[in-house]
Amino acid sequence: MARAVTNRRKALNTLVAWSVGLLIFFPILWTILTSFKTEAQAINDPPLFLFFDWTLENYAVVQERSDYMRFLWNSVIIAGGSTVIGIIIAVPAAWSMAFVPSKRTKDILLWMLSTKMLPAVGVLYPIYLLFIELGLLDTRIGLTIVLMLINLPIIVWMLYTYFKEIPGEILEAARMDGAALKEEILYILTPMAVPGIASTLLLNIILAWNEAFWTLNLTAAKAAPLTAFIASYSSPEGLFYAKLSAASTMAIAPILILGWFSQKQLVRGLTFGAVK
Amino acid sequence: MATQHSRSAARIMMAPAVVLLLGWMLIPLTMTLYFSFKKFLPLRGGDLGWVGFDNYVRFVSSSAFWPSVQTTLIIVGGVLVITVMLGVLLAILLDQPLWGQGIVRILVIAPFFVMPTVSALVWKNMFMDPVNGLFAHLWKFFGAQPVEWLSDAPLFSIILIVSWQWLPFATLILLTAIQSLDSEQLEASEMDGAPPLARFGFIILPHLSRAITIVVLIQTIFLLAVFAEIFVTTQGSFGTRTLTYLIFQRVLESQNVGLGSAGGVYAIILANIVAIFLMRIVGKNLDS
Amino acid sequence: MGQITLNQITKSFGDVQVIPPLDLRIDDGEFVVFVGPSGCGKSTLLRLIAGLEDVTSGDITIDGRNATEVPPAKRGLAMVFQSYALYPHMSVRKNIAFPLRMAGLDKEAQNAKVDAAAKVLNLTDYLDRRPGQLSGGQRQRVAIGRAIVREPAAFLFDEPLSNLDAALRVNMRLEISELHQTLKTTMIYVTHDQVEAMTMADKIVVLQAGLIEQVGSPLDLYHTPRNKFVAGFIGSPKMNFLTGQYAAGYDATTIGVRPEHISVSSSEGTWSGRVGVSEHLGSDTFLYVDIDGVDEPITVRSTGEIGVRHGDNVYLTPDASKIHRFDKQDLRIP
């Protein structure tokens, strides 16, 4: 809605919007600030905002004490792996549904969506049991599979909505030009859908990164990602605000950055194309 | 429109995704159903035989059941009301012309990307702690007695934390919906003499109704499953035990799998009731 | 070579038969146009030939080889789509080279052929651009270029000009005709525009509801339409149809007279009427004349300028030798 408004009105809007924005962002900002304080400064009364002795000590302590890098690595493997595998499985499926639709396509899409709505707690024990039986408990591969499966419906859906925007004639042209199915997908569809595939990748990495039911319940130590790393801070030991803040900052920073890039695609991905 | 050849290729290419999801759905679901009809205590005797609907009856008649339903409803309802109302206001605010719109948007969206365990811990310790939390400092500054948030107002606290996480989601979707509103419609209503409040009531709100419905449905599905926020704050004590958390405790903490599975079936039914409405909307959208 | 035979082919989508049994023979080097109103099955027919759709029954033979079960890539045909269907992520050069790349040609051979095609189509300066940076006419030429490098047995065009503006459409029409003269390859061209059909075709196939109404050269169709549908579809402005007493005198159920075969007089003639709208184009004048007992106004085309105005009474005289007569089944009476 590009409408002419007075500068005074715009200034007022700006003031209100920035105040609200900063208020909402404040907990994150405060966490980041606290991570650079000493433990004593972190609980100082009155609270210190900017004028304290900035220190990186907490980051060193956290890394040393809880082996941050291992958790980070687990998160990267699990979130990245589950998303990449999911996309490899989903691209052909989405191709089928977008370009060779049948009467059942809509039902299959909705059914896939319905699996996403299965409450995790309802199948917690069976999965737990299967994991024990198959030796997958507390392994990265096990968690990767589970997160791939819970995000697969979203991946298929997102890719489907992106593929739908590609005119079928272009794929037919490729077919006429002598491209086999594999070449059609590899040389024509995939490159054309790169923006869509990239945002699917991004959003699903975020969702997998932040997943906090299966990651907490199916890992103990070896395969625990950052969600579990942070949860281990839930029982306080002495002064720990600054260290908690440092750990939190490290856990959320990578995804905060990715998230800011993907904010536009977020809407499409999370509403299954129902809001554009 | 395609050839037999491409149709059979399509079926083959769809197979991996369909088979995997079918397995992911059917295997655990069947197992949950199976366990729900058994007395099954892995640490105290294991499989103790079939008990019919006993677990279903016991789960509902246990003293913890109704409070947990109530808690679930309060949390889900509270978060929905807060996020939708503030979300509409924020979306309208962010749609206004202002300086630094992009940055404000980023600030508002940020909480959505914070993992649940982090946001719960940060709120619990750095804001709600009765001694060192920021709220305690603030209360003391105004001469008030600091509040023990998580034990005196546990539901409110959890609603606050969860709302903070989900407000960005509602705002973002509602903002997208507002931006798709044809500005000529608004200008026409302005020409017709509608004051701002009437424009909001007659044009903007009806335009948003679909998006609001979607926000409500999707959030409901996720909110019914809220887990980590309770896991790292109150562990289900002080009346914060939701249905999800209750089932979790039955299954993993007290290892009463039969009882927990019956609860799981209830949770699945509950989620499906909400899901049906959501699927209707999404399905309609597929047709158009 | 490019000789295509359709033998008793049918196509159904579910229970709906869009193409009833159909036979057609297209000779090598012919320029064949499928024309008909939208939904007549002309595009479906083209897609059947291309192999993008399966025939429900019947055979398609290309150069004597049964191609019914052959996938599109192996039929040796090239197609130009309505939307051009260029690959947006590839440069013009890569677009044109794509079929060659799929055929496994080496880079040098690819480049040589692309350069040759670009020269013919005036695309040499644009080879490094992306399709998004080209005008509609240029995109059209790239699509044609992609088709000709393969040296196909036949070209298939699916309403290729419908996305262009009127002036460009005339230009491209000429270019495609010119191309046909140069290459002498079979071309099958689908359009709903009878002007394109008349100007380009060696042979026109008029389709309605999946049925072939008539096959013939443009002038055949113009002079001896097999039935009322073809008579009304071919020719612009449309043929006038009269029934009842007007037709009875000619021993027919319906008679048809083309607007250009009616003369106008202010004093005498066969039919009397009143002028409605008149359109003065300079070279021609179109009159819409209401005559008694006929619902639609009669269209008259006169060369040059004639001085009649709205409401004038005029007399119309059809050229008796150019009157088309149709029987109860709307078939032509010879």
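We just call them A, B and C in the order they show up, numbering each chain from 1.
By our rule, a contact is a pair of C-beta atoms (placed from the backbone, for glycine too) under 8 Å apart; a residue touches a chain by one contact, two chains touch by 3 or more.
These figures come from a predicted structure and were not determined experimentally.
Of all chains shown, A has the CA centroid lying nearest to the centroid of every protein CA atom.
Each chain's centre was taken as the mean of its CA atoms, and the one lying most distant from chain A is C. Between A-C and B-C, more C-beta contact pairs join the chains of A-C.
Centre-to-centre separation between chain A and chain B, using Cα means, comes to 16 Å. In this assembly, the C-alpha centroid of chain A lies 54 Å from the C-alpha centroid of chain C. Averaged Cα coordinates give chain B a centre that lies 58 Å from the centre of chain C. Each of residues 52, 71 in chain C touches at least two other chains. Taken residue by residue, chain B touches two or more other chains at 2, whereas all remaining positions touch fewer. In chain A, there is no position where the chain touches two or more neighbouring chains simultaneously.
Across the complex, chain B meets chain C through its residues 1-5.
Residues 2, 6-7, 9-11, 13-14, 16-18, 20-21, 24-25, 27-29, 31-32, 35, 90, 93-101, 103-119, 121-127, 132, 134, 137, 140-141, 164, 167-169, 172-173, 176-177, 179-181, 183, 186-187, 210-211, 214, 218, 221, 224-225, 227-228, 231-233, 244, 247-248, 251-252, 257, 260-261, 264-265, 267-268, 270-272, 274-275, 278-279, 281-283, 285-287 of chain B are the ones touching chain A in the complex.
Contacts from chain C toward chain A in the complex involve residues 50, 52, 71-74, 77-79, 81-83, 85-89, 98-99, 102-103, 146, 150. In the complex of the two chains, the chain A residues touching chain B come out as 1-3, 5, 10-11, 13-14, 16-18, 20-22, 24-25, 27-28, 30-31, 34, 43, 45-47, 89-90, 92-93, 95-97, 99-100, 102, 106, 108-110, 112-115, 117-130, 149, 152-153, 156, 181, 206, 209-210, 212-213, 216-217, 226-228, 230-231, 233-234, 236, 241, 244-245, 248, 251-252, 255-256, 258-260, 263, 266-267, 270-276. Those residues of chain A that touch chain C in the complex are listed here as 167, 169-170, 172-180, 183, 187-188, 191-192, 194.
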